[in-house]
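First the structure, which I've put down as structure tokens, then a few questions once you've had a look.
Here the chain labels run A, B, C and D in written order, and each chain numbers its own residues starting at 1.
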Amino acid sequence: MLVVMQEGAEEAQTQNVINRLVSMGFIVHRSSGMLHTVLGGVGPVGDVDPIEFEVMPGVKECHRIVSPYKLASRHFKPAGTRIQIGDVEIGGDQVVVMAGPCSVESRDQIGQVAEAVAASGAKVLRGGAFKPRSSPYSFQGMGEDGLKLLREAADRNKLLLVSEVMDQTQIPLLAAYVDILQVGARNMQNYNLLRELGALRKPVLLKRGISATIEELLLSAEYILSGGNYDVILCERGIRTFENSTRNTMDISAIPVVKALSHLPIVADPSHATGRRDKVLPMARAAVAAGADGLLVEVHHDPDHALSDGAQSLYPSQFAELMNQLRIIAPAVGRSV
Amino acid sequence: MLVVMQEGAEEAQTQNVINRLVSMGFIVHRSSGMLHTVLGGVGPVGDVDPIEFEVMPGVKECHRIVSPYKLASRHFKPAGTRIQIGDVEIGGDQVVVMAGPCSVESRDQIGQVAEAVAASGAKVLRGGAFKPRSSPYSFQGMGEDGLKLLREAADRNKLLLVSEVMDQTQIPLLAAYVDILQVGARNMQNYNLLRELGALRKPVLLKRGISATIEELLLSAEYILSGGNYDVILCERGIRTFENSTRNTMDISAIPVVKALSHLPIVADPSHATGRRDKVLPMARAAVAAGADGLLVEVHHDPDHALSDGAQSLYPSQFAELMNQLRIIAPAVGRSV
Amino acid sequence: MLVVMQEGAEEAQTQNVINRLVSMGFIVHRSSGMLHTVLGGVGPVGDVDPIEFEVMPGVKECHRIVSPYKLASRHFKPAGTRIQIGDVEIGGDQVVVMAGPCSVESRDQIGQVAEAVAASGAKVLRGGAFKPRSSPYSFQGMGEDGLKLLREAADRNKLLLVSEVMDQTQIPLLAAYVDILQVGARNMQNYNLLRELGALRKPVLLKRGISATIEELLLSAEYILSGGNYDVILCERGIRTFENSTRNTMDISAIPVVKALSHLPIVADPSHATGRRDKVLPMARAAVAAGADGLLVEVHHDPDHALSDGAQSLYPSQFAELMNQLRIIAPAVGRSV
Amino acid sequence: MLVVMQEGAEEAQTQNVINRLVSMGFIVHRSSGMLHTVLGGVGPVGDVDPIEFEVMPGVKECHRIVSPYKLASRHFKPAGTRIQIGDVEIGGDQVVVMAGPCSVESRDQIGQVAEAVAASGAKVLRGGAFKPRSSPYSFQGMGEDGLKLLREAADRNKLLLVSEVMDQTQIPLLAAYVDILQVGARNMQNYNLLRELGALRKPVLLKRGISATIEELLLSAEYILSGGNYDVILCERGIRTFENSTRNTMDISAIPVVKALSHLPIVADPSHATGRRDKVLPMARAAVAAGADGLLVEVHHDPDHALSDGAQSLYPSQFAELMNQLRIIAPAVGRSV
């Protein structure tokens, strides 16, 4: 903790800050040679919000100098995490593509889509059985029946399966069917859910909230890691900005930023980030060019009749074209697809 | 649904859109006199995302013309909702102030704070027993013991009690102790929680998410209302923007905007919006001047030793000063405090 | 400048940073007792961007500890600036209301509006003669003829006059007619304009850019102050956020934030911030309740036929109602209207 | 113009809107079969802000259905604009890379950098002679002497030259030295400057403002095009969001969005978007993968001693590496480098 006193702060104010730091367990180093007295505190962090000091009389500003997350930091594991599931490795040399419909709708639908994406080179099938919808009047998903259909389609096409868990009560159910449990953007700070996932021994795909900073994303990962579950995959899926020509603004720079700060793999979801089919290919290519470890892409065999998110679902032929483009791009970053 | 075709769109493209609208149950009105052909669809909405049409060939843009929420709209109840709890009315002539510490920490603490805020004119005691914290290493609240202390302190000072529910499994516990269940900003789109609260017969205070639009806030309220629970109080508590001199940017204009769109009462939380004690008084005054039905303010008898959010907690003397200022301002909007 | 080295940074990396600081003229204090070595540099600032150090090997982060602005800081003039123009004082005990149409359109129009706002208590007439319009096909203002009409209407009603200057070549023209030169939000970082205004001896009203931080606003003020023109009035007029129920999001908290950081007066413009007449009254009240030194409000005698910004212009009767409400609110902050 | 009346709007209110549309020159089509009466107006646009109608009694919402820009729209020139300057074509089959230092500092500096970037395959030299700086105390550029040095270095290395013009008074000076005049982000809405550039017959590189929507960027281009200068190159260089791990958030999706809406070429500037050298390569690759027509990259032979923006300048060896990566990626989008 670095506390910078105001120019001309009174000695009593400085002492007051020192006393508070000490009472919180910090060892304090004082540097008074400068225009501004600076107090450096070494000690137990995580808990202390710099604003607590910034509102004290005589204080100009305060900075936390130890990251509030530890297990998620690159420093903790410089080589980078590789998550092995069956014969698929996430965070390794291959860019792993996860594809499928927004929601599972029927055996026929999921079967057709799974076959198509497997044929083009996807390694993981995605699809929702429980859907968080902003309107209470929208389709809410098939539930457990959907999970069964997803598992069946994945197995038939030798794909892994990822699907979303909406709250902690659903964890056992999801864990019985899927290979990777997905935490949606709206749940990124559902701490009871994160804590329970920390106790699980299955990989978790954690999506960034649309208004979450990268530090907050890593703090949410820390919840899971601190429970002993080290297989966390991060996912960039767009942030909310003033620009509304796409549904969200895909923050491609989050990919190299996360790579520098953390050892965890990061994938990108251009479908939700843009909300429009015609922007998915360019943004998927951009994510891989920027160094993403994988992609999450919505594909539907008949998007015009999809029960949800049809507008952002690729036709199977577009998905095949995308995979071909990625095969050209990946070598530029030392990867294959 | 209004679909605007591109200038020079082909007739087949227009027919394609018409067919899709019809297949979804819309009755279609076509207006071809204009430069752009416009298709107006009357029918079942809520479900249909305009982007579904915007990605169709030949379409320029698409607008939903029926609000996606119904029960929450001002049109549904033009006179405005007044929620009566004991002898307190929220949404009525009086500005209702809810005050108390971020977290309950001990009988002594909550007792002192409750007495102070009651003496200054607060009508509701606020305080958290379960705390959503962005770091897994932070204080997580006292749990049910805290609820007991809160209830006791509220009763002793003839205050109502509001406290946060973190997920749907906690609803019965909270409902046993509090008068108003608070849904935190991070949970504004936790739909399983909202749905369960719709089945409850206790008032709910629903906080706006830091990146939620006002339309999304009203859609979340719709989840609760559509379950039959009509006693929903909205709360503006700051949105995330590029400006970081305050923790969030308090969107004061949300107050008159909500008043025009909805019949539900809206209160404001200047403590979380600004994150800093020295900005709470000006923003609390601003909220009341803009027409807020109430305030949610953090007060602590000893903020320097608070276990959470001390920096944004008022000293009791500041709270008393605020109440006096509000007594001057409220008549400008035809209210009292 | 505070440079925090990474945990485990090599000594050579630390020396490298020290050498660079020294070569830039800083005197360096080293504090190595902590987990992270911290280097504090005292010296010539303004010029040095912290990122310059953050990209050096071994550096974790870097903070500037001296504000990049000096003359604009509260520290430079703790008592606060009061700008006296004729018998009007801006930044003093009275809330000063500046009102008038978006653009001057005719002698009849400006005469009617000026008379109405003067009768209700405005002290300054506002109106544009040169209009920055986002479309090249929109009305661009009356030019010098408009300035003459504005001056005439102001004098006849004993009002001061404020009007916008669009670039530095227009300064002499504007200065010949107006009492206060307004810099629009889009020009907040037009440094050639700011520099020339620094050489002028007339008050300047500087509007915050829609994506400018408060620090950037104060830096732009510094450009004018550093030229020797100390009469700068700041203006909050809304920032761009994701919320679009109003044109911009009026950042009411900017008012107390500026009051703490700077000695300069700050006024608020609820007309441009909201873009809608029906939100102007609540936001104007909020600004005064938060401590604004004044308001800039658009009023038109016939808004439905205004050549620009009619939607955000108040009817004269609404303006009169607003002034009455402000007379109730101002005493809560120790002011009059 | 589409005006949607509220459910239950009175006939007199509807007539009022019709009358206003007619008085503005619109021909009105009325569609009353729907729940909401919809009025479609065909007529003179550009000038009319939808809010003008939204504040009228009985109106629910209003949408402009003709784009406010015409000459900049893809519809105006479906094939796409290719700008030929010497033997370089911007908007054609080759991705054009513009590289060089932030500011020209000396003959030696610009000579070394120009030689290095030319050797790696850049086609255009970039470098500023006039610098817009947020602090009045920062280095402001070498002025005309700098332009001479830039021209000399460009010629010696067979490069074109792009440099920034800060206001309309500088146009003749810049035009005498450079091949492309750059308009900086802060000047994107400096309409007097844009208008004068419309009268010029040299290409203009127009940077997107950090808070400008894509529609606003195209409207600013329209100012130049409407003056008869059709050689406008757009540039994405990052927008301001809540995320601050990079200086701005580079909106890669702006590239495909602009490609769909407009015929103008678009390049990307990863140096200013990220502000940090270590993020430039990934973002440059992403931009090309997303379909950018070119790049603007800062390179310095000795970034640690650069007078401005050293932190975001690549070392020549990094630039060479980037060009090699781009040669792999470009074929995925049917381009070469």
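By our rule, a contact is a pair of C-beta atoms (placed from the backbone, for glycine too) under 8 Å apart; a residue touches a chain by one contact, two chains touch by 3 or more.
Worth saying up front: this structure is predicted, and the values here are computed from it rather than measured.
Chemist: Can you list every chain in contact with both chain B and chain D?
Modeler: A, C
Chemist: Can you give me the shortest step count from chain A to chain C, moving only between touching chains?
Modeler: 1
Chemist: Roughly how far is chain A from chain D, centre to centre by C-alpha average, rounded to an integer in Å?
Modeler: Between these chains, centre-to-centre, one finds 31 Å.
Chemist: What whole-number Å value describes the gap between the mean CA coordinates of chain C and chain D?
Modeler: 26
Chemist: Indicate the residues of chain A shared as contacts by at least two other chains.
Modeler: Within chain A, residues 211, 240-242, 244, 278 contact more than one other chain.
Chemist: Looking at the complex, which residues from chain B come into contact with chain C?
Modeler: Listed in rising order, the residues are 211, 213-215, 239, 241-246, 249-257, 260-261, 273-274, 278-279, 282-283, 285-291, 325-326, 328-329, 331-333.
Chemist: Where on chain C does chain A make contact in their complex?
Modeler: 2, 4, 6-8, 27, 29, 31, 33-36, 38, 40, 42, 60-61, 63, 65-66, 75, 240-242, 244
Chemist: In their shared complex, at which residues does chain B touch chain A?
Modeler: These residues of chain B touch chain A: 20, 46-47, 49, 51-52, 54-55, 68-69, 132-139, 166-169, 186-187, 189-195, 209-211, 216, 219-220, 222-223, 226, 240, 247, 275-278, 304, 309-312.
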